[in-house]
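Note that the chains are named A, B, C, D and E in the order they appear, and that numbering of residues resets to 1 at the start of each chain.
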Amino acid sequence: MSSQTSVFEQANKKHASSLLRKNIRKFVNNRLAMIGLICVVVIVFTAVFAPLLTSYDPNKISLGEKNTSPCMEHLLGTDNLGRDVFARVLYGGRVSVFVSVMGALMGSLVGMVLGSMAGYFGGKLDMLLVRLSEIFQTFPEMILIMILVAILGQGVGNLVLVFCITGWMTTFRMVRNEFLALRGETYVQVCEAFGMPKAAIMFKQILPNVLSPVIVSATVNVAGFILSEASLSFLGVGVPSSVPTWGNILNAAKSVEVVSNYWWLWAVPGGVISIFVLAINFFGDGLRDVLDPKQQ
Amino acid sequence: MAEKELIFQIKNLQMWFPVRKGFLRKTTGHVKAVDDVSLDVYKGETLGIVGESGCGKSTLGKTIMMLNTPTGGQVLFNYEGQFKDITKFTSQELFQFRKKVQMVFQDPYSALNPLKKIYTAFEEPLKVHGVNSKEEREKIMEDVLKMVNIQPDYLLRYPHEFSGGQRQRLCIARALEVRPEVLICDEPVSALDVSIQAQVLNLMKKIQKDLGLTYLFIAHDLSVVQYMSNRIVVMYLGKIVEIADSRALYDEPLHPYTRALLSAIPVPQIHQEKKRIVLPGEVPSPIRKPAGCALHPRCPHCMEKCKQVDPVLTRYKDGEHMVACHLYGAES
Amino acid sequence: MNNNMDYVLDVKNLSTSFISDRKEIRIVKNVSLRLRRGTTLAVVGESGCGKSVTVHSIVKLMPKNAKVSADHVIYRSAKDGKEYRLDQMEPFGTEMRKLRGAEIGMVFQDPMSSLNPVYKVGDQVAEGLIQHTGMSKAEAQKQVLDMFRKLGIPDPESRISDFPHQFSGGMKQRVVIAIAMICNPDIIIADEPTTALDVTIQAQIMELMKSLQVNDHKSIILITHNMGLVAEMADEVCVMYMGRVMEFGSLEDIFENPSHPYTQALLRSVPVLGLAEGQELGTIPGITPNPADLGPGCEFADRCPFCQDRCRQKDIPRFEVSPGHYVRCLKFDSFQEVD
Amino acid sequence: MLSFIGKKLLQMIPMLLLISFIVFGGLQLMDIDPISYMVTPDMAASAENQEALREQLGLNDPFVVRYFNWVKDLLTGNFGYSIINGTSIANIVRTRLPATFELAIIALILSSVIGIGIGILSAIRQNGIIDYVGRVFAVLGQSIPQFFFGICMVQIFAIKLGWLPVNGRTSPGASGLGDAIVHLVLPVLTMTVAMCAVLMRYSRNTMLDVLNSDYIKTARSKGIPEWKVYIKHGFRNAMRPVLVILCFRLPMLIGGSVVIESVFGWPGIGSIITQSVVSGDYPVIMVTTLMVAAAILVASFLVDVLTAALDPRVRLGE
Amino acid sequence: GGGNNANSGAGSSTPASTPASTPDAPSGPVEQTLKVATTLGSGGSSDATGDKTKYPWHNPDGVTTAAMYRTLLLADANLTDVSPSLATEYTVSDDGLTYTFTMKEGVKWSDGEPLTAADVAFSIKTNLKVASGNAIFTNAFTNIVGADAWRDGSASDLEGVKVDGNVVTINLSSSYGAFIPVIAQFCILPEHAVKDIDPLELHNSEYWANPVTSGAFKLGELSVGNYYTLVPNEYYEGTPWKITQIINYYVPDLLVAAQAGNTYMLNTNSPEIISELGKLDFMTMYPVDILFYRYFICNMKGVDGNQNPVMQDKRVREAILYAIDRETIAEQLYPGLAHVLHSGVPNDYAEYNGKAYEYNPEKAKQLLQEANYDFNHTFRILYYYSDQNSIDFMDTIAYYLREVGMKVETVQSQQGTVDLFQTRNYDVGYKGLSAFNIAEWYGEYSSGNSNFRNIFGGDTLFDEKAEAIAAESDPAKRSQILKDLQTLEQENLYKLPLYTIGNNIFVNTKCVKLPDGVTFGNPWYLYDMDLANWEIIA
């Protein structure tokens, strides 16, 4: 019998990832999704490894070199304080991507936990949570965000919190509905028949099965938050303007003078935002195709 | 039929689901899914349960397993000669009880969590039930897999890599892991193709013989039930209308519903002249059960009494055969 | 030989494949079948063997990723005595649409989802009628009422303006049959019309269809995997396996002289009511293969007890073992080969 | 149907109360002294005068008292005054809400017609030209920050080409439809672009789902023409989920107007909310957000009614 | 006194955001419509939301204010000389404590009511009771005899203001040097229309949506959030203006409005807007030199005794001045507009004592070290301007301070002066002051200043001299006091003066023909622009 383990292990190598592999193949075949993924990865990587890619400090002011157009020295030119735009966009990406990804993650997390509970236990708790989410949904998101910013104050951490508070509802509804459906699935009943603990059934058995739509909606949220961040900068209630974020960089370049004279100051952050959002959306669509068999 | 040891004694079991309506979710009625069911199950037998969709077969099965908390009645289980009412069990006792009774469900396609390897799906119940060493677990897993003719190394695959028949065999194997005494099979083959169905049915018979299991075999296909069972329970709208030895039920169906059911089944034989009894109308919703005998609006033999008095299950000619119908009321 | 006019529908070498993931998978392969006027042809076979695809290919209700080809698909109308080449028609062109509904009615598997939830059932039934006859709505409603009565829908006057969700499964299936029947078509194609229903309801529906066929002299293609239904309903049977017609013959041919190993095994594996105690069911070993990874030769080879090497070499031709009884198996290579 | 409407209307009352409580309570968390906002310290004439003002406004009462006073005032039609500039809130709502609604409703209608139209067309002609172009347009529309798009539009169409006014809702002296329309073009366009994209994608997907359903097959089997299949059987069924998403989008539409109104100097409620938030004018925030929430509740109620009209299952209960 | 340009409360926006406007001269076949614009947005005052017209007791600026309201006297562009307006003449007693104004006869309000001396008395009295108004008025009027008693309600009348026929007499308890220039900024309000409004809420009153005016124009139409128009006031007794209509648009962006021809006049100190406006050949630039301070205030100690330990050491404060290369910043960020300051006295004043804090990062580091400055401390700089220029400026400051090893965080406050004066959660605050005169700058040090005592702990060090400079009008004495104040200031460095910023006024000369000899002055004050003779030519 000792050889048994190795039988399992050998077989494991052969089969373990076939589901994953199949999905990956499907995804790779989806050209747009791949382009999206590549863009996202490239942008995230460049942001994370910003110090390796540029020797400039994003905040290094060099007033003598202001508004230099792109050249060898400054790949994407400099802004009106002589700061290197390339470096700023890279470092700005760190904050923007962090805020939006964390916001989406936290929102999804909250939505998932509440949604699991509402969907699994049903009854009064469910009704309460659904009402709550409806109320949150009644407020225009932008307004809710602004009010929250007014209450909590500006700042990266607070913005994440705000995105989390305003972004949990879609995930919540989705997870709840899935749970309502999956609660009746046979494998859940099997687990109950074996007397497994409720928490294990909820989180270990059912939850993984609702992850794919959650992941897809989280990607969509990331895209939305990137745009929200930009809008909030525009309204002056986003991340403090001294911190470079894509929104702040673009917002700094919104003046007519910049728009008509220094194209690189708006085209670069604007382009990066649009490309990232586009890429995330493509990526999300691709994921949906792979993860959600209904959509095929 | 004598000398049979009882394993389950079900007394007046009742499972009513409240129907809630409106904003305040007031209870406006009940789905009487299982209504006053009394039944004995003997050790080692296969008890078939048939009936139309929605008549409460699955609910009965689940309630016996305490997956639903019954709204009334008792379910007594034989603990080495001692009968204990499982409806009064604490959660710890129930947890232990789950080792004695297991269930196989209708849909093998959704009975395995699509994201978990079969290995994990097999390991989890063992872990929960305290088999802590990995070797021991793998030994058990290998044993049960042998029983259902599946190679152990298949365990490391995902459910989607298996066909329906294989999945159902896996489900049976998994239920057997905890060495249950009773297996409740809720339509285990109705989702399978004919060509596969026979494999699974034969396998189940073999396992029963090998392990001395007791089956509660639920199905809506009378031919399948009859093939599998020693005794058959016929249900209609949450009530038992007839209980009989499977041969007897085929040879001498008493209840008009059973008769209609038997005659409605298409037989894959030609040149067989058959008089079909077609019951008119539909199965009423269990929320609005007709008064009296639930079948009376559709029954060809409906009498005045049937519309008012609900017949009780009584022995027919003092035998094992029981029926709930006023047609036989005088004889009992 | 029979007069050709006897056959309302004549399908020769129909093949269908689907393109998915840039791969082409053959689902239906060289299917030939003929439907005799006024009879029922049963198509049996297990799930996924291509029964639905076959009939949908015939009436050209296929998704865009399907490729259909056929030597010919001929429909012979009793109404005008003309022959129509369905295979040469545009799927959604006027010609094809004129036939659909008016001459060929369809009943689908799942009554629950076959009705549009947002329209009254009466209107849904009348829609085809209005389309094909151009009659007024009121006239159409009258005919619908008649049809409902004929199909035994209780209280038709009020139910005609109900919505599908207010109907039970069996009643919905009657409505679906009414949709198929309302224009008095020659052929009714019923794709597993009772699979979703209970036995007692199934019996009701089947009685109904039988009486329609007998009384109105309809030709029916009945798709099912229930051998019992076949025995009760069919005049001729077409046994399919993995996109092939394995055996085709009259009811007697199939039940009394099943020739293909698959047919034999299939018949043995069905539990029959009143089986003697201790009697074992026959089983078909192995599992149904995936259509995407079938090799050459007989599709049943892997599960066949009589399999030989030559079975796996090339496509198996059809042999006519007795008049009108065709088998696709090399066991019968002594018989005449028909294409 | 009537009882359905009645029930829905009744459900709105507790919702509104809850929302009002959340709004009121939430804003108490804002650690602000309204007086500091009413009277900017730079322009503060004297501390005593300010203290008098505070007492006069009842700002020293406990929370619950203030909440009930507020609700009571609201119910009696007294919406209070902006603490920043003293404008009566009733006035703000009266003059601003129509402007926002004008914008939102036109954008809603336009984006629905365009978005759903193209979405459905591209589902019907899946992988055709419209589908392709529509999808590209959809993703593009979704990926450009709205304010930036708006600013660019102003620069191109108002400044460079001079075709349209740069901002505002009306011009002095000019009145009539023409004037209103030229002012609407750019804000509506900007708003529509983003909104359209979502609807397009969504209606395409639902229409595709619907087209794959069995009843479409049934409809086709009757031999009715394809356009009838699409319009009668496809469209109406696809509309229901689209309406739901539309309902979810309503808040976004009004929320989106916050940005749009800032860019285009549109005198709507959105710009007032922005300013109130920035300046901590909490009575205005409370009432305006409550108004917006109420408006959205009403709108979603309308959507519910519309859904019920479209779908008998909803109307008649399951 | 001085209008504080940084209309704080709402984090007042860019200097460019202040309304700019000028009426212009009429005649010719062209319709005489002058277009000006006000920015919407930042700032909660009603004219920033477009709900009402301007409350003239804040900054009394702009063409529209000049067209609607009149003052007793009209100042020239430098605010030094005055000419008659509502008052035909005025006298000052030798001790500088008694002022008499003789009112012009026959002046009427736009509703036909006569404008009398009583209105003047009413306006002064009301101003003392308002909750919100420009400090220049309060500072001046507080010196009127009985002002305190009147304000706290213990007197039923303001003792120091007397009306006798068409003569108004004002008695001061102590002399106030700038009293006449202040009077020249003080718009008289109609008693009959305003008397029922609670002075505490006057600045917020709905009244401003349709005020009664005394100037050449009155309100035509107010389209909330869009614009308002002014039309000639038929009761105006002076020379009618050539302009026959003024439109004030509410716009999100002044530059765009100028480009689109929606404003014929604006002022700005933003180099970006200046350069962009420079490209429009129809806009002519008129630079004006004004006392617009930009400076840091050091958060020292509140009256509550709450001390900020970081700023206590003077060397730290000094180091900040040395650490920042102000010359370069002025050159690059405000080319031609900013002049570095080393005290409240601009460098080109004769009184400037010559002490300079030149850019010297080494010295800064050294000073910090000497002061045992904790380099791990995050140094918080608070600012409330939300325009991009100020953000850039703050980034630059932060950059320079980081260069000397400090950890810096710049915080843009939404709640402007509340954070500045009350929350006080910062080390230095960045502030602007468009000073009416130099005394206003030094008045901020005074322990009596209700705002700054929260920051400087009510230190009485400056009181005497600050009062003296406000009261004194003799140039020689003033010069001496200024020198003393300057030294005191540099010894203490509670405020770190950065620079003064000039302003540019742009006029669309393709549409407006300015009369000869018009000079522009501080755009936040009222002065004689000869508006009656502006003419629209296109």
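What we mean here is this: contacts are C-beta pairs under 8 Å (C-beta built on N, C-alpha and C of every residue); 3 or more make two chains touch, one makes a residue touch a chain.
This one's a predicted model, so the numbers in the text were calculated from it and none came from an experiment.
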Contact-linked chain groups that survive once chain D is dropped from view: one piece
Chain whose mean Cα position lies farthest from chain C: E
Inter-chain pair with the most contacting C-beta pairs: D-E
Separation of mean Cα positions, chain E and chain A [Å, integer]: 46
Averaged-CA centre spacing for the pair chain E and chain D, given as whole angstrom: 39
Per-residue overlap in chain C, given as positions that touch at least 2 other chains: none
Overlap residues in chain A, where contacts from two or more other chains coincide: 150, 236-237, 254, 256, 260
Touching two or more other chains - residue numbers and ranges from chain D: 159, 262, 274, 278, 280
Chain D to chain C touching residues, read off their complex: 126, 212-215, 217-226, 232-233, 236-237, 310-313, 316, 318
Contacting residues of chain A [partner chain D, same complex]: 131, 134-135, 137-144, 146-147, 149-151, 223, 227, 230-231, 234-237, 247, 250, 254, 256, 259-260, 266, 270, 273-275, 277-278, 281-282, 294-295
Interface residues, chain C side, partner chain D - complex: 59, 61, 63-64, 92, 96-102, 105-106, 108-110, 113-119, 124, 127-128, 131-132, 163, 165-166, 176, 179-180
Chain C - residues contacting chain B, complex: 46-47, 154, 168, 170-171, 198-204, 206-207, 225-232, 251-252, 255-256, 265-275, 277, 280-285, 287-288
Interfacial residue positions of chain B with respect to chain A in the complex: 25, 62, 65, 67, 94-95, 98, 102-103, 105-107, 110-117, 119, 121, 124-125, 128-129, 134-135, 138-139, 142, 152-158, 160-161, 171, 174-175, 178
